[in-house]
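Note that the chains take the letters A, B, C and D in the order they are written out, and that residue 1 is the start of every chain.
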Amino acid sequence: MIVVIQCKDQVGLVAGITGVLAKEQLNIVSLREHVDKIENRFFIRVHLEVETDSQALESKLKQVLPEDAVIKVNPLPEKKVVVLVTKEYHCLGDILIRHYFKTLGAQVQCVIGNHDTLENICQRFDIPFYLVSHEQKDRDVFESQVSSLIDKYTPDYIVLAKFMRILSPGFVAKYTGRLINIHHSFLPAFVGASPYRQAFERGVKLIGATAHFVTNELDEGPIIAQQIIPVTHSHTAGDMMKAGKEIETAVLAKALHLVFEDRVFVYKNKTVVFE
Amino acid sequence: MIVVIQCKDQVGLVAGITGVLAKEQLNIVSLREHVDKIENRFFIRVHLEVETDSQALESKLKQVLPEDAVIKVNPLPEKKVVVLVTKEYHCLGDILIRHYFKTLGAQVQCVIGNHDTLENICQRFDIPFYLVSHEQKDRDVFESQVSSLIDKYTPDYIVLAKFMRILSPGFVAKYTGRLINIHHSFLPAFVGASPYRQAFERGVKLIGATAHFVTNELDEGPIIAQQIIPVTHSHTAGDMMKAGKEIETAVLAKALHLVFEDRVFVYKNKTVVFE
Amino acid sequence: MIVVIQCKDQVGLVAGITGVLAKEQLNIVSLREHVDKIENRFFIRVHLEVETDSQALESKLKQVLPEDAVIKVNPLPEKKVVVLVTKEYHCLGDILIRHYFKTLGAQVQCVIGNHDTLENICQRFDIPFYLVSHEQKDRDVFESQVSSLIDKYTPDYIVLAKFMRILSPGFVAKYTGRLINIHHSFLPAFVGASPYRQAFERGVKLIGATAHFVTNELDEGPIIAQQIIPVTHSHTAGDMMKAGKEIETAVLAKALHLVFEDRVFVYKNKTVVFE
Amino acid sequence: MIVVIQCKDQVGLVAGITGVLAKEQLNIVSLREHVDKIENRFFIRVHLEVETDSQALESKLKQVLPEDAVIKVNPLPEKKVVVLVTKEYHCLGDILIRHYFKTLGAQVQCVIGNHDTLENICQRFDIPFYLVSHEQKDRDVFESQVSSLIDKYTPDYIVLAKFMRILSPGFVAKYTGRLINIHHSFLPAFVGASPYRQAFERGVKLIGATAHFVTNELDEGPIIAQQIIPVTHSHTAGDMMKAGKEIETAVLAKALHLVFEDRVFVYKNKTVVFE
């Protein structure tokens, strides 16, 4: 059983929290704690050996915590997710395989694509696929169609698995803290379009990928995980893109795993990740 | 200020410990905790924001801990070390440079070599160097000469920085938990002599290095840190050895850093490392 | 267009080969060459800009090469493969996704399992699946059933994608140089069964995976690719197994990619890999 | 013996070059070749088994190569270098240790610092140290003083080992292709000052270092080598800087090794590196 708490920092928080747990005879398997001294912010994740009444425990914890505390006791072990895609298959394929074999740690409720390229693979896994084309319509209309579909499923997270449309501030605000994106670059290098073309022209020796929560700055937002892969002079821009897809897949998988196990806290533009 | 504790596990340990800290108004910057469920063993490292009376705090902590608890409150920030070498310079060179610029986190009291190859470099850094040849004498005699020198300095740790003599059970027992070795292989592959020759003949694509505490099993003992480096068909055994030296240097530096900051706990044949 | 050649070494081989290519006005995009001085063995891979008549080129090359030369001019770009599995899905899932999206570089002709666990996923991708149980029959019988199925498809390679049966010398000999295995360990550490259990008990800080050609030594055979992933004291043996699956998938994918692009040469117990 | 050649690409270059070598009975140990199709540029590095008359070989090679060819036959195995520093010791310390033990592959002729912080360490290794303060003088004056010192030594390369002054276009132009810098960031992320502060504020999960030739764009210039190290939420900007120094040292060492072994070609804003 998992307990995660985020609140402003003050003396005695760990003592208060673990005092409650000890009183309930709840043995701690592992405990990770971090204080952001600059923001004066406290983060804790406790893994307990046994299960107990979540609601009762939460109200007891509330009594030892500041009012602003965000407490989750035994958060849903299987998150619900909607996946947004365009044409590239590598991230979605990985998600579908893990989902099919029940190791994703989440339930894929549906996939929404602005192209139909990935419809067939979804059908093969019995996952509903919705085509919402962005063509010949305003972004507002496109986004409200996507949004209606999402809202039908009330997902915990929306995963942008190589979804190649830039989302409006309104859309992002509506799903704040729930939108996870994979960016095809080692941010903050090569922000924006064609990062592999940029990387090739710059002659870099490493390329990277970044999984992050989406905010309204282009390719900004709290970073969850990053990874790199070496490249050489013999890589064309196309080769870099191919190599990049391998780490895009890996880094998104890792980020989702961390988020779905409630190991990621967000505060302002940063994350605290208890791996 | 750092507090590290190791003891048998029981319910309420974190609450007890952090309760004491809270009562003393000692704010926690970071806390790492681990329970080994198989060994029923509890490990904690707490980083406190401010300093306080170490002895007073230690006796208060004792009252909430089991009798077998090993407690260190504010362990010496600068460990004392004696370094044992043979002929290879790379690990010693790195240690001397860090020591000279005061970033080793330890005081190098002296270097003991069974060859005089590295005497000159020690002199350049004003570090006492003792030559204790192993030639034409029994291992017992050799070891007791080395041991006498070590004991003059009462070091916290003895670092085997490419010391190529196998130590007797008696010697190892005398310094148990204080002997740190760098092994030129990714243990447990290629135990014993000439690991690079073995690696070359096996045609591996990665070679590694392992820093570990020394016990009486050849190349066994609790592992502190490991690292690897890729190699290809174009590496001769000699090239592998050269590449290996780079990671031997890096992995020993990392292990020493972790040990000197009291981030490493040893229990039976394993370590708990709070990076 | 690709040319790969392996033969005994002698002066003038590159001149001879590239002389033929120049005479045909075939521009070289990239050339990789290696001489194993110990085995006196020559390996070359040339990537040509344009296509030409393969047979004509091969006979011209033969005239400048020693008699023992193995020459492949424009080897089949799409290899044919049969995949052998047991119950674990991660490697097969990755292969099927890449195959479905035509980025595997090979055609998966069928999957043979000694359990039916992975039948359904194969059906979803329209790949023939054959169940050949090993239970209640001699290994000879089991292997001859598997072998008959394989031979129906005349594959270039047989991929053991977590196939958990030890194959007899006869079986291995029959498919020598064509059997590719993924081993769940950083060979040569932890040879044999339960490597993650062994790794956990040893307290290692890195775990690995190895893709290799199969020979008749248990977990020996020329290594194609290896990779590692860091682990800590907080990993149980089960966690190590989970983490290991990620790199097993990645390292098998990489090895297959290298083999299918004719970048891997085998000689005796080693490989030459031109990445 | 090494032969390196760079010229415009055309059909038959490898045949021409290796034809000359074969005629001279010079056996090739390894050969690396690359063609930049976009720039139509040819690069080759050949490692020969035995020595021969360099000048004779060079003139024979000239006859089979285009006029623009830059040929080096048996380039000086020990390059001469001048090192420029400011206050940080880590890169210089590593260079001095390798130099002292004759594994740098170059001769350190002198060190020039704009502070005297690193004078003592140079003296300990008997390396001439020159203090050229930048204070209370124009950049022109400062640079001409540095330049005069450099020119006394006619070094092959000038290594900026954490030299914290921005050099003028004139200075850079004078030493074009000979200035090697270590940049404390994973370029092109965090160009300019305080990259660790920038990285901390962005909340990245990896930090990097880049070794590159210096051109007149700030932190631009052909990249030789890059490396990264993972960081977490628990790293302060100061911790990131400390971690960064480890990879700065490693990546500069690697870049120098590659350059000193004539494995690096520069063309326009990119390098070709035959590792």
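To be clear about the criterion, a residue touches a chain if its C-beta (ideal position, glycine included) is under 8 Å from a C-beta of that chain, and two chains touch if they have at least 3 such contacts.
Predicted, not measured: the structure shown is a model, and the values here were computed from it.
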For chain A and chain D, chains touching each: B, C
B-D against B-C, pair bridged by the larger set of C-beta contacts: B-C
Rounded Å distance between chain B and chain D, as computed from the means of their C-alpha atoms: 35
Geometric centre distance via CA averages, chain C-chain B, whole Å: 40
Multi-partner residues of chain C (at least 2 other chains): 30, 34, 234
Of chain C, residues touching chain D in the complex: 9, 11-16, 18-19, 21-23, 25-35, 37
Chain A - residues contacting chain D, complex: 34, 36, 186-190, 202-206, 208, 222-228, 232-234, 269-273, 275
Contact footprint of chain A on chain C as seen in their complex: 30, 89-90, 93-94, 96-98, 100-101, 121, 124-125, 234, 246, 250, 253
